[in-house]
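Two complexes, one shared chain (subunit A), two partners (subunit B, subunit C).
Our next item is the complex of A and B:
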């Protein structure tokens, strides 16, 4: 009972009763206690000598990284091109596969609630629960090392991301526009074409560009397990302790990500 | 009779009946106003006719063909044009695409997908847009239009179905008084031109009386009045809406009501005097 009577008879209002407030404070106390406990468990195996030495080690590696070996850039052009290709083709393939899945999963467009929708949701969850790097690891063993494994790995990971966001966008459309098209006597395919697709187009474009942006970063890593791109060079340089090459590769990746951020921001602004 | 409704009943969930045994008959070419308080079932009734809402019981016939309980519903729906309260245009499509969507019940899928409508349909769309006064806006996106213009697109879309009847759900609820009259006038004119029947659901009694000769009053899902609009006496309005001083407001229209707010008041203190 948040409303009470004060001594002068005027009604008083608080958000919660004293009991609720007490419970809330107790909850916060438990959370802090849990944090302190976890911290202790986490640090009991830490070898503090390593920890205190870390700044020296970091400074040492940084010194070896500097200056970057600029001449190595000639070996990176092709690798960077492969990385962009993996990201872009993987995104395109992911979009192609994810779009039908999204329409089958959305409550307002799925053809069957008992069979098709659960299957579509399982596809989405399976794709999302496995990291790109794991997909790449599996695909390198199946397809052999190279760019193709990278493209398929990126695509498989993208299905879940694009599918989930797209089907949520489909479920959020304005129902009245759908009713208006249904009232004309349109078939269900025509309803999708005239009432659903126009409404999800901005979301679709935004999601696709966003995923492409993420995939640029992911595709620079899949090379670590042999799936092509600049990750291959990164792995080779790390293995040979060629820190000056590592620093150059990181700089190149940073520059590419900056460019892709800029491009996707431009595209999204143009759509909305 | 063009439209015959027999014992139409709709129950949402386990609650009270939104419609309770409604009987209604509308001859070809007649425009009927549907009035009643909020929650009386006006919208439900209109939506049960083309089964956007599935009726619980009762039957609906359009020119002798039963609408209820049939599987090829879309062939009945395309004979009934619907006009919506908040226009329900597809906002991101152009005016022309919205109007042509009135032909979706007639054209094959590939034509609608590629927007390759038969030439006769496109000509009719131009003629209809000309009739509602939107020929200059053919290529604009629907969300670039004003409220009145949007409702004109909604009317053109319904007319392009070449329907037997128009189902009109609160056509003026989101429009200003002047635009409301223009839209009501347009709906009545196009119905007269094509000897088209219509059911027009309205919350504004004065506006309904101004344009429509037959009024059906609905209260708690039942028809409580069916007669000429000049028969809406204070007693009848009390039956439909409940107790209220109907002698004051029943004969007034929006413009008078506007003056009432902004101009001098016959009784009581000046509204601004209290502020100053």
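Our next item is the complex of A and C:
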């Protein structure tokens, strides 16, 4: 225990030895230095006049946003339907693609540790490290603008998320049930069907609903790069500086997100 | 033994949703919705056929990424993304820690708790890109708008998880410090901090990772970073340069994930 002698010669408890304290201060110093350096590099081209003007700009935009142009809602029903379709179909496609990847990546179900598992892990990492908006950007150039590009973008991004959480759930299953099914002479597919699937099913449903909830948010913006949904209307309204339409769109997105969050919380509570 | 004849001899696994009524309602509703949704997707087959050729070129670009011809743009984009990531994570932590402490019910009175929870909810609702659009409109194009966006986004994640963590701490240590007559700040310093610090560091590293990934996106709407470089490369059909950017993003994310995994493993 780190103890120092105080002035009166009595031992006094300290949280750390002088050496630890010094190291800690040095660490903080390095962090501050890094922050200042990054800040200076980042803001070297910043025009500060714009920054100090930001409160005025914000007030101006807020004034233009109020009141929302309610009549524009008629143009948004179809866009909302598309947004929901992108999120839902994207999640379904993502689940279909992610499930085999997860089974190939999990240590206790993978067929080969040397070859298949690394490939599955690379698929998961690649899918996770690229944001759905970038996937959408790529797919719009390949598939053309529209809902299809949005669906595939959401699906490709979901593979990593669902795959990672699902393979972790598979690795945590109880071995006894697997051994019990193996003892009956079941084939490896039957083992997966009767011992692994029932154990991961609640986790799987929870993960899927959770990802669907995230995908609702993501699908509201993939339209910004042309991949369909309400983002298209947002982009068009922003480009024409129609801030009263922007505020209506933001309200609609807010309402959708709140509803989807409620649904997702209800379903997860019912499962667990 | 005739009474046993009616007893089922084959085992059937129980259905996932126990109530038959809800099972059919949910499955039926889902099926109807899926059919309607798939039916509403308009696919332009001619454009798709043409696109497959482009997809081939994009894929070829990944096999032969071109780091050289747009190197200076890539360096500028990466520099903006990386500096934005570091500054916004640090600023985000500085803002989130007080909010997180305020949102922990066992440390703060109800009005403070509700106010802090409201800030967290506000930061959660909108996708980062939408926040970025608003910040770009306010402070102009460039990485400063991205910095503000990512800082704002960090609050939701870090403050929420920190608050949950503080609510889960061991009460014994809090009572021990309280019984020595420690003030609220001393309580925070000696009873709460030691318990949540390892997790706070872990969460911060994880958020650093997320902020880098997000920094690659906010550039698409003009908030600086590597996303702008990527967008330009794709707009000019320079697929080999775009592939180089994407490969760099994946490499950095993998390195960051591996590094933060090592640090977190050492802390625990």
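The working rule: the second predicted complex is superposed on the first by the 223 of 272 C-alpha atoms of A that agree within 3 Å, B and C clash if a C-alpha of one lies under 4 Å from a C-alpha of the other, contacts with A are read in each partner's own complex, and residues count from 1 in each chain.
Going forward, a contact is a pair of C-beta atoms (placed from the backbone, for glycine too) under 8 Å apart; a residue touches a chain by one contact, two chains touch by 3 or more.
Predicted, not measured: the structure shown is a model, and the values here were computed from it.
A.B. asks: If you stack the two complexes on chain A, which partner ends up touching A:199: first (subunit B), second (subunit C), both, or neither?
C.D. replies: It touches subunit B, and subunit C stays clear.
A.B. asks: Is A:176 in contact with subunit B, with subunit C, with both, or with neither (first, second, both, neither)?
C.D. replies: First partner only.
A.B. asks: So, does A:121 touch the first partner subunit B, the second partner subunit C, both, or neither?
C.D. replies: Touch status of A:121: no partner.
A.B. asks: Could you figure out whether subunit B or subunit C reaches more residues of subunit A?
C.D. replies: Between subunit B and subunit C, the winner on subunit A residue contacts is C.
A.B. asks: Touching A:50, do we find subunit B (first), subunit C (second), both, or neither?
C.D. replies: After superposing on A, A:50 lies in contact with subunit C but is clear of subunit B.
A.B. asks: Touching A:189 in the superposition: subunit B (first), subunit C (second), both, neither?
C.D. replies: The answer is first: A:189 touches subunit B but not subunit C.
A.B. asks: Pick out the shared contact residues on subunit A: the ones touching subunit B in one complex and subunit C in the other.
C.D. replies: 194, 198, 201
A.B. asks: In their complex, what parts of subunit C are in touch with subunit A?
C.D. replies: Where subunit C meets subunit A, its residues are 13, 16, 33-34, 37-38, 40-44, 47-48, 50-52, 54-55, 58, 79-80, 82-84, 86-87, 90, 125-127, 129-130, 133-134, 137-140, 142-144, 147, 213-214, 216-217, 220-221, 227, 230-231, 234, 237, 242, 246, 249-250, 253-254, 257.
A.B. asks: Per the contact definition, I'd like the list of subunit A residues that touch subunit B in the complex.
C.D. replies: 174, 176-177, 179-187, 189-190, 193-195, 198-199, 201-202
A.B. asks: Could you pull out which subunit B residues touch subunit A in their complex?
C.D. replies: Those residues of subunit B that touch subunit A are 50, 52, 74-80, 82, 84, 86, 88-93, 97, 101-106, 109, 112-113, 154, 157, 161, 167.
A.B. asks: Would you pull the subunit A residues touching subunit C in the complex into a rising list?
C.D. replies: Per the stated touch rule, the residues are 31, 34-35, 38-39, 41-43, 45-47, 50-51, 54, 57-58, 61, 81-82, 84-85, 88-89, 92, 125-126, 128-131, 133-134, 137-138, 141-144, 146-148, 151, 194, 198, 201, 205, 217-218, 220-221, 224-225, 234, 238, 250, 253-254, 257-258.
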